[in-house]
Each structure stands twice: as C-alpha cells, then as structure tokens.
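The following block contains the structure, expressed as structure tokens.
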Amino acid sequence: MSKNTETVTIAIIGMNRIGKVHYQNLSSMVNVKIKYICDVVADQSWADLYPDVEKIVTDYHEALKDPDVQAVLICVPTDLHPKITMEAAQAGKDIFCEKPVGFDDDQIMQAYHTVQETGVKFATGFNRRFDKNFRRIVERRENGELGDEQILKITSRDPEPPSLDYINHSGGIFMDMTIHDFDMARYITGQEVDSVYVAGGVMVDPQIGKAGDLDTVLTTLVFKNGMLGSIDNSRKAVYGYDQRIELFGSQGMAQADNVTDTTTTYSGAQSVESDKPMFFFLERYLEAYRKEIESFLDAVRGKHEVECTFADGIKAIRLAQAAKESALTKKPVKVKDI
Amino acid sequence: MSKNTETVTIAIIGMNRIGKVHYQNLSSMVNVKIKYICDVVADQSWADLYPDVEKIVTDYHEALKDPDVQAVLICVPTDLHPKITMEAAQAGKDIFCEKPVGFDDDQIMQAYHTVQETGVKFATGFNRRFDKNFRRIVERRENGELGDEQILKITSRDPEPPSLDYINHSGGIFMDMTIHDFDMARYITGQEVDSVYVAGGVMVDPQIGKAGDLDTVLTTLVFKNGMLGSIDNSRKAVYGYDQRIELFGSQGMAQADNVTDTTTTYSGAQSVESDKPMFFFLERYLEAYRKEIESFLDAVRGKHEVECTFADGIKAIRLAQAAKESALTKKPVKVKDI
Amino acid sequence: MSKNTETVTIAIIGMNRIGKVHYQNLSSMVNVKIKYICDVVADQSWADLYPDVEKIVTDYHEALKDPDVQAVLICVPTDLHPKITMEAAQAGKDIFCEKPVGFDDDQIMQAYHTVQETGVKFATGFNRRFDKNFRRIVERRENGELGDEQILKITSRDPEPPSLDYINHSGGIFMDMTIHDFDMARYITGQEVDSVYVAGGVMVDPQIGKAGDLDTVLTTLVFKNGMLGSIDNSRKAVYGYDQRIELFGSQGMAQADNVTDTTTTYSGAQSVESDKPMFFFLERYLEAYRKEIESFLDAVRGKHEVECTFADGIKAIRLAQAAKESALTKKPVKVKDI
Amino acid sequence: MSKNTETVTIAIIGMNRIGKVHYQNLSSMVNVKIKYICDVVADQSWADLYPDVEKIVTDYHEALKDPDVQAVLICVPTDLHPKITMEAAQAGKDIFCEKPVGFDDDQIMQAYHTVQETGVKFATGFNRRFDKNFRRIVERRENGELGDEQILKITSRDPEPPSLDYINHSGGIFMDMTIHDFDMARYITGQEVDSVYVAGGVMVDPQIGKAGDLDTVLTTLVFKNGMLGSIDNSRKAVYGYDQRIELFGSQGMAQADNVTDTTTTYSGAQSVESDKPMFFFLERYLEAYRKEIESFLDAVRGKHEVECTFADGIKAIRLAQAAKESALTKKPVKVKDI
C-alpha cells in the first residue's frame, strides 16, 4: 500500500463540540481508523453513538499505550493541552491539537521542546487556514498579483457571545477569538507582526465587562516589513458570522467576502434581499474543518509537512498576549518571539 | 466659431412629459438656444415656466417659418409625427422625433421619403441606445470579446402600467413598450431580425385585456444570421423598472444589470438588503436622455452622423407589427423590410 | 431500530459516471449498505476500487434475486431503463432511476404501469430539484412572497458539448439536456405546461448539426394557468456551467444566480475579477446529488413520499417530445399528458 | 419672488481645479448669477472661457466691495483661506470655503470669531457629506436601524499620489487627505472623537517620505461615546478611487460600497469581470459637488441651515493635528476641542 493511501489509526481525546466535528469528518473518510474515543465522561451508551469506534475509554492513557495508534487529536479544555501533548509526544504519537495550544507559557514551551525532541508531528488547529476563500487570497499574493503588501484588513465578528461561564474560562477575547485572526494575519500575509495596538470596549454585554473581558475590539498591527493591519472584532453581529479578509498591495487587492447559504435573492416592493452570512463557524468552516484534518492525516502519512505548526500556535499566542497588554496599557506593545 | 461648438437654435414641438425632459436637458447645455416652445395649450403663464425661451406659441408653423430655427424636436402624440416631420423637412429643419415615428404606415413612408428627398437630418428618439451600461455590451461585442453572437436576452418590465386612457392611444404594448426592446435587439447585436414569435397574456390588469391589449409578453426573435433572442415584458414589476440585457456569444457573455440609486446595503437580523432598481425611465435613463440630445445636436452641427436613424425607427415598427400579428395568429411571423 | 434510521440495503446497477457519483455519496452515508455493484464490464479488479461492497457482479439479476436488497439504483444507458425497472418492480425492489426514464414510449408506459401495480417506490433522478438555491425559489413561492406567478426564466448552458458519440445516443438535446429544465419548469412553478415553441440552431459545432441535433435552443413555455416561461440552452459557455432560474410574480421576483467556488475577488488595474460559475454538474450539484439519494433512502424507509415521481419523469419526456416536434414544425406544439 | 427660488449673486475666488468644478455646476443651475471670477492670473482671454460671467478680475476685493454680491466661494490655496474669510465676512458676504479652512491655528480662530461676530453664513467644503451612498448610512442610523453604534470603518484610497510639489504644500496626508475621512467619521456617526492612534508608513513613493510625509496610514479612532473607528488610507490604489464606509451597530450594519461607471459585467474564459471603482473624486463625487453647492445656495437663501459648518471644518483639523502628533509620538493622542 502506498504511503499516500495508508490507513491512519487515531484516537480522539476529548469529545466536546469540536471533538464531535472532527469525529463527523473522520467517520466519512476512507483510510482512517478511529480506534479510540477518550473522554472522562464517556460511558457504555456511547457505543451506540459511535458505532465505528473500537474502544471508548475514559482514560486517554490507554490510547497512548496502544502501539496501533499513530496519531491523536487533542480536543480537551485548553489548560490540558500541554500536558497531553507531552505525554503523546513521549508515546511517539503524532499530534493534532486544538487552538490555543495552551494557557501557561512555561507549560507550552515545555511541550514545544518535548515535541521537538521526540520528533513527532504536531499540527495546530487553526481551521481558517483551510478556508478556500482565504486560500485564494494567499494564491493571489504568492502569484505576485498583489505586488508589495501594504494593508491587511480582517473583520471577524461572531453572531452571538458565548455563555459567561465559557467566557470565564476562555482566556479572554484575544486568546479565545482574536487568536484566529492573529493566525490569519500571519498566514494571509506570510509576514510576522512587530507590534500591536488595541482599542477596545464592552458594548455587547456589561456582564462580559464585569468578567474582566472586552467584547468589541479594534487591533492595529504593524508588521516587521512595515506593512499595516487592522482587525475588528465583535462578540455579536445580528446578521450572522462576519468573516471577511482583504489584502491590499501595490498591484491590486484581494477580498474574501462572507459566504451565504444560497445565491438566491428576492426583489420585493421594498428592497432586494439576499442571504445573511452563514450563521456561525460550524456552518461557515464545515469544509475547512474537513480539509484541516485531511491535511493532518496526509502529514502523518508523510505526504507533506504539517501546514500549521506548533510554532504557529505559539506565535498566535504571543500576539494575543501583546494585545492583552496593549488593551491594559493603552499603548502599542512589541510582540515577543517564541 | 468652429462647427463643433456652434450654437444650435431649436424649437420644441409638444410640451408633455417627454418634451419637458428634453427641455430640462437643453436648458442646462451650452451652445443651444431654445427659441420656440410650441404647444396647442400653451398660454401666457408659460413665460414664467420657461424664462429662457424666446417665443412660446400654440402653432408650430411659426417655428417652421423662422429661418433662425435649425432643428425641431417632435414630442407631440404619435399620430402627428409623420405630418410634422414632412412639414419640418420641407422647411429644411433637422428633426429629432420621439418614438414611434408614427402609426400609419403610408404616412410614415411618405415622411421617410420626404426626409430623404429634402436631405434634412432625422433622429429617432430611442433613448436606451445612449445608456452607458448597454453601450458597454456593444463595446465588448465590437471588440470581439463575445466571439460569434448566439443568444440575446432582454428583460424589460415597467414598475406600473400606464392609465387605461394612455393604453387606448398607445398602439398596444408592442408599439408602445416592446418597441424599445426591438430597437435594443437590433442595436445590441448589430443584426437584423428575421422572424418573431409571441406568447402573451393579461396578468396585470383585466382592463388592459378588455382594451384589446396584452400586459405580459414573451417574444422570441430569430435573427437573419441564425442567432436567437428573447424579450420578456411586463407592465408591472413591484420592485421597480427592470431593465437588463445579456448578450451571449462563443467567447463570452456581457450582461448589463439594473441600476440602483445607491451602493449602500443593510445587513439586518433577517437578510442583507440592497436598493431596488431605479423607479422608472425618468430616473434610469436620465443621463441617456441627455446624451441622446447631445448626440442629435452634434449631428446637426455635422460632427457625426445621426446615431439612430429614421430607418431604425421604421424597422422597430416592423418588428412591433410582426409581434402583434404573431400574438394574434399564435405563429411565428416574418419581419417585413422597410 | 426506528424506521427513520433503518439501514437500507441497495444495489447499484450500472457503474458509469453517474453510478460512481451515487457510489461516492452512498459510501460516506451511515445506515446504507451497498451490497451489490452490477456492471456488464465489472471484473475482479473492482474489488479494490469498491472495498465496502459485498458483491460485484456482471449480471444485475443476481441482485434482484437477493431478498436482502431493498432498493436498486438504475444507472445504465437510457434504453435499458424500462426493462430493468420492470424486472426490479416485479422483484419488489424500490427503484431510483436516472433520467430520462426511457426512450421508447410503449416501454416507458409498460414500466410505469408495472410500478403502479407492484406498488414499489420509484424516484426519477432529477438532481436539480435538490439544489438549495432553486429550493429557495420554491420556498418563496410557497410562502406567497411572489404573488401570482407570471414569468419563469431558466438559463441552462453547459461548459462544453459532450462527445459526438454521446450525442448520437443521447436522444437529442431536448431529451438529454433540456429535459432537466423541463422538470425544473414544473418543479419551480408547481404548474403544468400547456404548449411549447422552440427556436433553435447549430452554433457550437457543425458536427452536432450533421448528427441531426441542435446545440443552441430557445424554448417558450405557455403554462396551463396562462403564465409564460423561457428556457435558453447552449451546449457551450466558455465561462462555465450557467445555471440560473428566475421566477417573476405579481408580488416579487426570486432569482437563483450561479454558484462560484469562492467569494474572493481581485481588484486589479483593469477590472474587478470574480470567480466564474463552477465548472459543470459534478461540481455545481455535488450536494444536490447527495440530497437526492438521501431523499430516496428516506422514501424507502417510509419517512416521506418520493419527491420526484415516475410521473414527473414521464411528464418531462412529454415536454421534450413536444419541443422536438416544435423544432421540426417551427410551430407551437401542445404537450401531451402521460 | 419667493425666498426659495431667489437668484443668488456670487463670486468665485480662485479658479484652479476645484474652482472650475464649482463653476461648471453653478453655470448649469438656475437662479444663480456668477457675477465675478477672481483669480490673480486671470486675463482677457478668460472672457471666452467663462462667457456667462460678468466680471473677470485679478483682485477679489472688487467682488467684496460690490453690494450685489451675496456670497463668495473661496477656492484659493489653503493658507489664504482665513484672510479672505475675514475680509469677506467683514464685507457681509456669505462664505463657502474649501477644505481645510486654513493651516495656521491662530488665523483660523481669528477668522472663526470674525464669522461669528459678523453673523455671515459659512460652509466648509466637505463634499463627501453630499454623497448619496454615505447619506443612506446616516439615514439608516437616524432611523434606528443600526441600534447602538459600535464600529465605524472607512477605507479611503486615492488612485495615484499627487505631485511632490503638491505634497510639499498640502500640509501632509492628514491635513490634505485623511481630513475628509475625519469629517466623515463625525458625520456618519454623529459622534465626536476622543482620541486617535496612527500607524503609518511610506510604501508608495520614497520621495513622499523624504518630503517628511506618509503615504499609507491606518488610524484608530476612539469616540467619546466609547465606540471605535478605523480609517485606512493609501495614496495609490491601482484599481481606482476606493471609497467605502461601513457602520456597524447592535441592530445591523450599513455599508456603502464603491461606485462604478456601469453595471455591465463580462463573463469570459478566465473570470467574471466588473468595472473598477470610478477613477477619482471628480468622477465619484460629481453629483456630491453639485449638491454641496446647491445646499450652500439654499442656506444663503435662508431655506435651511448650513449643512457643514465652520466648526465642522475646525474639528476635522483638530483630528488631523492629533493624528499627526500620534504618527510622530507613536502613542494615542487626545483630540483637542475647537
């Protein structure tokens, strides 16, 4: 059997919302065997829910010990990412880890070094890199059609804020939400950010402010090559999930607009109506999630390098940390290296 | 003074809706003198309405006799077009005549021959030829970007039907409304139509049916070069004046979409709303009406040929006549030559 | 196990292009077992291609004899559709049959009556009914947002003509290509067509003309309720698969525009460029094909009625037959009932 | 004669590019008499260029002394604005003054107080306030359709940089170019700005940097009500004049997109092409310039208040000054009051 079509045996660790997204995609792919689902609250009844899965366990160490398992998907809460990463790396498993790669810097760096030492593959789960609309911008840039890059603009607004409980454990808007846009800023431009400046406020829900977080943020990026960037975030857009990116350069501009469910419009007595953007990430990035996992599996198979590395995961965190500091100090803040 | 900027002295004959449109445009142009306004119901009070105009008369013959007058605009009811055309031609005046150029075939042809014999210039008022969106299609075609022409599609729907009184004197939908589309079919393609087939009905107002007319019509055109065309008309589109043209060829397609007042959209909780098409012809073709008259004045000045000729006016009528016959016989009908 | 999630055991009969499309979709669905693939040219090597399939046979009668098989997908050449339909119905299998349901009228009607007598379920494969853009038009109509239906317009152009060999066995453009649009005309409007009138030509490839077929066609529909319709077809649009539908009524208009791969545009020194329509039916109707089969399986499970019936399949043929006659006689032709 | 249609007698002071724009508009309006054109380089030959104008003079004081003159348009270089404003105000003339209202703060404030004391009307020439697309955003906001305002985004890019000579006398990008966007920020939101933060660079032409100016700028606005704003500027967009505004609020978003010459698209073998934005301000704001002057004339006639006041002119300068300081200090800067 050729390397390209080799069956990969995996374990999913953590079966909350995002674990289920990956499960759905994996279960319809060929040449993948989901041998384990690991979740602390798993019980007997899960066998019916996941009939294709060989073992459903509460302790993920079982999967790590199984020599059949080549790769794991880490979909547990963020604070556990570094610990499991280290254990999986030491067990020789390739790793797909959801974003962010951790909260605690020391733990993250320890995990990072362990991954480097063991030589396992590690992919960070920034799904938007696999959105075909955004990829088209990168293609235009790489083709030279944009000339010298000058201004990046990212609009990223959620349709509704998460629960306060979620917010309290999210690490704050920069670590939870803007972190995607920080990764996009690096991915779309192919450039590193030198400093960030944040203006933010609480406009959606005063409870978010009481929790010490912001819900509306405007972030200015100055890149190392001198180009400029702007990210605007809101936790609540009544018209849906607003995900637009625009890259302006000396030779042209590429713009990825929102994605709608249909192309069908209605011309009535008052106006011409078209669809709102798709509701939220599960709809908008349905295909991107699938491609993300396909890309990881192909990296495991050795077909290509991991497309979004551990370093990428850490650099996005550095941007989030700088942004958080800027929001506090109300001054531009240099972005630290890994 | 160069020919290009020569002041042209004109008379407007007939001061209903369309006469006023031309007056508005002319009164803001340089190098035009509106010496006469002629209208059977004109009275003293009109001097205040048209302060720039030297003479306001009820009998247009006064204007025809005045050697200062170089050109006349014929904006009276259609049945009078041929008679006034002949008198103006015999008086040596250049003529801009509103569409259609007449109702009675014998009168039209008599006027046509008189114009030919006297050598005066004659422009037919098909304003849509001067719409920049439609002109862009012609440019694409003439540049060869469409390749061989294959399918023409014209959508032409009014926002509301005219009064029954108007309909009774309109000559019917083909002579009043579709005639514009027939002219567009020839202008956009640069081709002549061989035969037409009509399917039509009364869907907007039964009174229109009682008046012996149709209000919803689908016309198939077969051109002499074999290409196909389709025109769909309605007397009433609730969303406004629907004026779209699409020309499809072996190398590409050009499409002129509707024109809106603004580019401003509203994304709300239900949908994304954009402007309806502009309300009606006075709004949509505002600029086209102006360019139409500028083109006529430049033709009078000798800067270029008349852009829409008497023959064009007659050929559109031949199409309308064939369409009317097809609607009655429910068969395809050959289009007669001039 | 509830009826809704019951596993359905099927056989695919015919494994050419469309058979493979259905196979791809079925193989990623849960609660479906593809027990047989039947194809006259199948051989041992197919076991590797279709590893999930239990039996790969050259004679479909094996599948018909197997009591496990609940339903068959008939994906063989059209002339065989009625025969296999009858055999499958007599074997008590539910049937999904690709369009058109046959060529020979007597055979079709014999199959139709057999299906009625045996009471098996029969779905005709008009995939476009399952396109979400077109469904949105139907929703608007059913919600009353369009008011009284007045004009239907369908644009349906392929990106490139099929091979001459295919054309020679296709039954002609009306039976092969326009038949989809005829079904759409009925589905979108919910109305029956009274008569058709065709104007057509050979503009894409003279070889198509020599084969006795047309490649560019404009079809006028007059519906039984008086509303009008227009379908324009071309075998070759250089810009891709052009699939647009517009339904105009007394209260508004719904329009389904083409679908593109991305929403990403490029503003350069010459123009603003956006994506062409998706290349062809496999791309544009990817999701529709999947939904079509899901709908059939749910009909087999008894969750709902078949969405596109045998009668629908025959009525589309009646339209194609009337169109073919109109193309020959150059007159409008009444559409026959089943 | 009613106040509403009263003829207004004016003088144009300064006949460079923008003076000519206003002349063109005024010369096609009724009820306006351009009695004077004043320009230091005017000579006899101008009589042919401006045949409707009674007096063409090199010394604008002649116009100020003439009791017939009701209003003046100040279209001279910016450094002269305050001086002429004061003289005109003291002569009792109503004033339309091009932006910016001056360079020197003391002079500006002296002029401002003189205007207040004399009670003459003073309009600042921020033409974009009269763009119908942007007005539609304001209408949506005033109708409450946007809810609480949260994020303003302005994209404002020129198609090409001005000459270096122009740049050297322009007062810098904030005073020359962004000043329009600063006024828009206040006009669109109806809110005052508290502080600005600028990130900028020289990316278009190093000569602009050598002249001590920037050519690419990203400005963050924090408004007094807490809402956020972003303005991105470039001196050169290869695809034309990019003028977009988006206002996001708790109930919806209004977006004004670029304006194109036509709605005509071309679908070719490579892509679907549509028009670039209109080339530059003379094309895009053609109608806005006209409405701006009409509004001023109606203010002179007493029909309504001046729509863009002297205070508006000064506040935009305060924003430009704060931006300039922020660009130097690389810190957020509070905006001063008048």
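So that you can tell them apart, the chains are marked A, B, C and D in the order they are listed, and the count of residues begins at 1 in each.
The working rule: a contact is a pair of C-beta atoms (placed from the backbone, for glycine too) under 8 Å apart; a residue touches a chain by one contact, two chains touch by 3 or more.
Chain by chain, the UniProt names read as follows: A, B, C, D = Myo-inositol 2-dehydrogenase.
The shown structure was predicted, so the numbers you read here are calculated from the model rather than taken from an experiment.
Chemist: So which chain is farthest from chain B (Myo-inositol 2-dehydrogenase), going by the mean of the CA atoms in each chain?
Modeler: Farthest from chain B (Myo-inositol 2-dehydrogenase) by mean C-alpha position: A.
Chemist: Taking each chain's centre as the mean of its CA atoms, how far is chain A (Myo-inositol 2-dehydrogenase) from chain C (Myo-inositol 2-dehydrogenase) in angstrom?
Modeler: Averaging C-alpha atoms per chain gives centres 39 Å apart.
Chemist: Please report how many Å separate the Cα centroid of chain C (Myo-inositol 2-dehydrogenase) from that of chain D (Myo-inositol 2-dehydrogenase), as a whole number.
Modeler: Once rounded, the distance between the two centres reads 58 Å.
Chemist: Nearest whole angstrom, what separates the Cα centre of chain B (Myo-inositol 2-dehydrogenase) from the Cα centre of chain C (Myo-inositol 2-dehydrogenase)?
Modeler: Going by mean C-alpha positions, chain B (Myo-inositol 2-dehydrogenase) sits 43 Å from chain C (Myo-inositol 2-dehydrogenase).
Chemist: Touching at least two other chains at once: which residues of chain A (Myo-inositol 2-dehydrogenase) meet that condition?
Modeler: Within chain A (Myo-inositol 2-dehydrogenase), residues 237-239, 251-253, 266-269 contact more than one other chain.
Chemist: Name the shape of the chain contact graph, picking from line, ring, star, complete and other.
Modeler: Looks like everything touches everything, fully connected.
Chemist: Note which residues of chain B (Myo-inositol 2-dehydrogenase) are touching chain C (Myo-inositol 2-dehydrogenase) in the complex, please.
Modeler: Touch residues, chain B (Myo-inositol 2-dehydrogenase) against chain C (Myo-inositol 2-dehydrogenase): 147-148, 150-151, 153, 155, 157, 197, 199-201, 203-204, 216-218, 220, 222, 226-230, 232, 234, 236-239, 242, 248, 250-253, 330-332.
Chemist: Under the stated contact criterion, what part of chain B (Myo-inositol 2-dehydrogenase) meets chain A (Myo-inositol 2-dehydrogenase) in this complex?
Modeler: By the definition above, chain B (Myo-inositol 2-dehydrogenase) touches chain A (Myo-inositol 2-dehydrogenase) via 237-239, 266-277.
Chemist: Under the definition above, what is the set of chain A (Myo-inositol 2-dehydrogenase) residues touching chain C (Myo-inositol 2-dehydrogenase) in their complex?
Modeler: 27-28, 30, 132-134, 136-137, 140, 145, 251-259, 261-269
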